[in-house]
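In the two assemblies presented below, subunit A is common to both, partnered first by subunit B and then by subunit C.
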Partner chain A sequence: MGNYQAVLKDPYITSSLINTGIYAVIVVPVQTVLSMVIAYVLARKCKNRFGNFVRSALFIPVITSMVLTAAVWRLLLAGDPEGVINSIIGLFGMEPVNWLGSSWPALFSVCLIGIWKNVGYFMVIFYAGMMDIPVSLYEAATVDGAGSARQFFSVTLPLLKPITYLVVTLGTIWSFQVFDLVYTLTGGGPGRATMTLVLTIYNSAFKDFKMGYASAVSMVLLAIVLFISFLQKVVFRERDEGRRKHV
Partner chain B sequence: MRHSNGKIRISKWIIYLLLIILAAASIYPFIFMILTSLTQKKIMTASFDFSAMDLRNYKNLLSGFPILTYVKNSLIVVSCACFFYVVIATLAGYAFAKKKFPLKEAVFWLYLATLMMPGQVILIPVFTIMKNLNMLNTYPSLFAVILDAFGVFLMRQFMEGIPDDLIESARIDGCGELGIFMRVILPLSKPVIVSLVVFTFITSWNDFIWPLVMITKDEMKTLTLGLSMLQNAYVSSYGLIMAGATLAFIFPFILYCILQKQFVEGIALSGIKG
Partner chain C sequence: MKKVMKKMVSALLCIVMLGGMLAGCGKSDSEKSSEGEKTEGASLDVWLPPLSENQDDKDVWDKIIDPFEKENNCTVNVEIVPWGNYEEKYLTGITSGEGPDVGYMYMEMISDFIDMGAVEPLDDYLTDEDKDNFLYLSNGVIEGKQYCLPIIVGNVIVMCYNKDILAKNGVTEVPDNCTWDEFIEICKKIKVGADGSTEVYPLVQRWGNPSISTLNSSFYPYVWQGGGSLFNEEGTALIIDSDAGKDAVQFLYDLRFTHQILPDVVTSLTADDCISYFCEGKTAFVEMESSSTVQFDDAGINWGFITSLTKEKKGTFVASDSLVLMSNAENKELAYKLMQFMLSGTSMTEYHKSAQFAPIGKDEEYHDNPAFEKVYAEDGAELHSLSPAKGSYKIYDSLYKNLQLMMMGEKQPDEVISESVSYADTILNE
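And then the complex of A and B:
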């Protein structure tokens, strides 16, 4: 039990938990909404070759490794004023930022890359779900005088509920497993600004050779993942029963 | 009426513009990667001098690093992972879908429950087991970890949909158990097998954390691991790192171009995993 006491007292664990939590809180909502909206636009407004091209393009980040992605983004985020990202924000009149050299920008960069990598994946899942919605429902909504926005909120969104739960749960679980990205991009730094739970496990096991301690941190990760899955099950069931009672 | 038509057209152009920006944001980093791999840049800028481009970084990569060994290792690991995953998943999936044996449901759900356990949680126990078996720095340590319960689940779900009549009539026609599996079940399951292969290819090619802990010998490194090592050792040789990254990118990308539909399906299928 000594290991668990040490884990609970360790301020580094707390900070990597907080970082991982911030990552999840930023990445999950943004990627869920973004991928859903893109999928909706592609499925409802752009069912042509151009739409297919956009879909294929958004999927390319999904097939590449996180290591490769992080290696490329490290150069895009380079701190020089002429760097790519700094040039882009310069167009909007913003000062160049030392993205990977200071705490908050570094954590923000990690989130940004996470979203960039995941959106294509979840977009495909949403897209498949939207294709299953019968066109007649939209036609009926149009006859009833519902505009695009109304159709999205009254037809698409309710029918996509199970898929949305899946995307949110999966996204949250993935967020707590972030490793390759921070290992390659920042190594957890500057300081411990982008330290995550899995990076802590890896460092304590394979750099400090504290296997018992690292296993205790692994159990914290397992508890979190099981809790998220459990939460999803409970929310799911409640909603399901609610609907049944309604009918 | 005319006015609202104009409005629709404008909103359509705005949607197209936004989609183009999104597509560009997805593709540009890879174009940037390829272009940078052709230069000797020391400072990262958004502009490129096309007249000064050459293949020097690729030559240095081939002459100075065992990069071809990394590629070979990656290909071996990927092929073994795909082969064993398909063999195990189709056979076990068939048994769980169509055969009767005691405690079938209980065994299946227990097996499926292992998917709840993320790989990172069992990092240390699996590493310790491999170490005690003297299997560190071997190919099996890299592809064995890819073979989880997901493939079996996928195959069972699909094979349950194959009508029993087909199996029965094959049996009446004199097909043995193996014959039924090879001539009836496998051909019918082809689409889902292709999806599984594609999914396994991507997972094992891009895998990083397992090679990182299992492999210490340079001649056993995979390309993804080699790329990470290259990046840590030559932080400012941007062109060289991007040449390595391009090499790691090109294999899945070519496959993606050929098998786009199966790719999207195969990877979207993994969503069921959650």
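And then the complex of A and C:
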């Protein structure tokens, strides 16, 4: 019980929780929408060799080692004016940003890399879901005069609901489990700007040898993830039932 | 036809995989021969980190230890543990009963393992010869007991400077006892690079490092230079709220904000970045481990160094890592004998051919980089290593994060000190 009381009193746990929450709030919607849009374009507009190439290229970050990823992104995000990304934004007249050396840019950078890493995986899942949608539905929609946008919102999106639920749930769980990216890229810094719950658990267990405390934080993490997953299930089910009643 | 081909290829792949799996189950020739010779003798496990310049630590140690194995009819298994998960490997190994007989630990980690009862005191094993020979035995005394025998004392952090940049900016020399004020005045003169045109930073530090090792180069030395220490003598309180501690924090704050000697970008720089900046002639000064300065020579930089800046006195960080005898070692006498053998002048002379460090005993000559011999000879008393303290990782981590926030302009020096000290009190009183 003492460990749980210590967790509640620890100010650093609160900041880790807030950072993890911000990471999830930014990453999950962006990667879900982005992967869905890319999958739609590839499934409906680019069913050719170029589409295959793009699909493979987008999957490369998924299978790339995180240590390597962090090393490369550290170079790209160098804070001096000669850094790759700073050079690019400099072309548009923008001031160089100290990406990994300031609080908000560091958290933003971690989110950006997280999205870059996950989009390919979720795109493949969406793509597989879209390939299962019968072409006849799109043909019927075309006959009824529906344009591309209308077809996406009235045919694709409703039929992808189970896939979307899976992607959102997996994305949320992964976001709360984010560890290797911050461990290798920032170590939770600068300050505590990118400290996440799992990194706190790791440090408590393997750097500070407080196994009981680390277990207590892990249980808190489990409770949060379970609660969010339950909430997502309820929201998706309610919408589904609402539609059935309407029909 | 296609189907038959597919089946044949699949079958072939299966056979290749099966062969690979079976080969993996077999033993290598060296294992077979060593088992044949030494199954009757004892077996000792030693875990060491990679330190050799050619990444061939295992080969080097196997060669060094070979005579010991023959003399004592035993097998010594040397395992090189990567730095990445070093403490994690020890913790999981020891708690699962699969740990080594002889370990290698650094000061930040040793207290917690002593607290766990995993490390054996060596007072009963130490001989008079050992006491006479080893130079840094006192570094291994913790809570009044000799828990470790220093194996690596070196890799001192020095203040390096680019002579060409200084000359171009009208600085003819950096005094050996350069005070903080003199250093600030020199830094203020640095405006252009060695070619006279490029912009250059006076000093860079590694505040973007993911690990707390930045404190070794950019904070602790300034506390020691002010005549202070990090913990009290009992190791029960963090005392950076002393005058020396306050001055050190204020000095860093002034370098960054009052005099703007440290640029904004320091909050994102790692140790490697600092090396690159110095090698590319983008900074006049850098605090650097002696082992890394070989890269300055490779880059053709005309560089020099002073041991440290001076306030009340000089003071800088020197690594002090030790061999420890683990409590779960079955044959402690033999394990200690191995430690003696590994630390003997003959073994260390051989080892220091591939990993350059200063000698740790009187029975070895100096084999480290000759450029740093005078540091150990003349400034030996000003070289400090960390004093072990319970829960020190969390305390240092909190201090590091608070200092990072100060360097980003999000905390004032007094906030850094009060928050770090109060957090340390919480940890030390648990």
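Note that the second predicted complex is superposed on the first by the 232 of 247 C-alpha atoms of A that agree within 3 Å, B and C clash if a C-alpha of one lies under 4 Å from a C-alpha of the other, contacts with A are read in each partner's own complex, and residues count from 1 in each chain.
As a convention for this text, a residue touches a chain if its C-beta (ideal position, glycine included) is under 8 Å from a C-beta of that chain, and two chains touch if they have at least 3 such contacts.
Just so we're clear, the structure is a prediction, and the values are computed from it rather than from any experiment.
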Clash or fit: subunit B against subunit C, after overlaying the two structures on subunit A? clash
Tell me the contact category for A:58 with respect to subunit B and subunit C: first, second, both or neither. first
Which holds for A:214: it touches subunit B only (first), subunit C only (second), both, or neither? first
Given the touch rule stated above, what does A:78 touch, subunit B (first), subunit C (second), both, or neither? both
With both complexes overlaid on chain A, does A:101 touch subunit B (first), subunit C (second), both or neither? second
In this superposition, the partner of subunit A with more touched residues, subunit B or subunit C, is B
Thinking of the overlay built on chain A, is A:23 touched by subunit B (first), by subunit C (second), by both, or by neither? neither
Based on the superposed arrangement, let me know which partner A:170 touches: subunit B (first), subunit C (second), both, or neither? first
Once the shared chain is lined up, is A:189 touching subunit B (first), subunit C (second), both, or neither of them? second
Examine A:203 and indicate which partner it touches, taking first as subunit B and second as subunit C; both and neither are also allowed. second
Subunit B versus subunit C as contact partner of A:152, first or second or both or neither: neither
Which subunit A residues lie in the overlap of the subunit B contact set and the subunit C contact set? 74, 78, 80, 183-184, 205-206
Which part of subunit A faces subunit B closely enough to touch in the complex? 38, 41-42, 45-46, 50-51, 53-69, 71-76, 78, 80, 82-84, 87-88, 116, 120-121, 124-125, 128, 166-167, 169-170, 173, 177, 179-180, 183-184, 198, 201-202, 205-206, 211, 214-215, 218-219, 221-222, 225-226, 229
Per the contact definition, I'd like the list of subunit C residues that touch subunit A in the complex. 85, 87-88, 91, 112, 116, 207-211, 264-270, 273, 391, 393-394, 397-398, 400-402, 404-405, 407-408, 410
So, in the complex, the side of subunit A touching subunit C is made of residues 12, 74, 77-80, 98-103, 183-192, 203, 205-209
Touching subunit A in the complex: which residues of subunit B? 12, 15-16, 19-20, 22-23, 25-27, 29-30, 32-33, 36, 43-46, 116-125, 127-128, 202, 205-209, 212-213, 224, 227-228, 231, 238, 241-242, 245, 248-249, 252-253, 256, 260, 263-264, 267-268, 271, 273-274
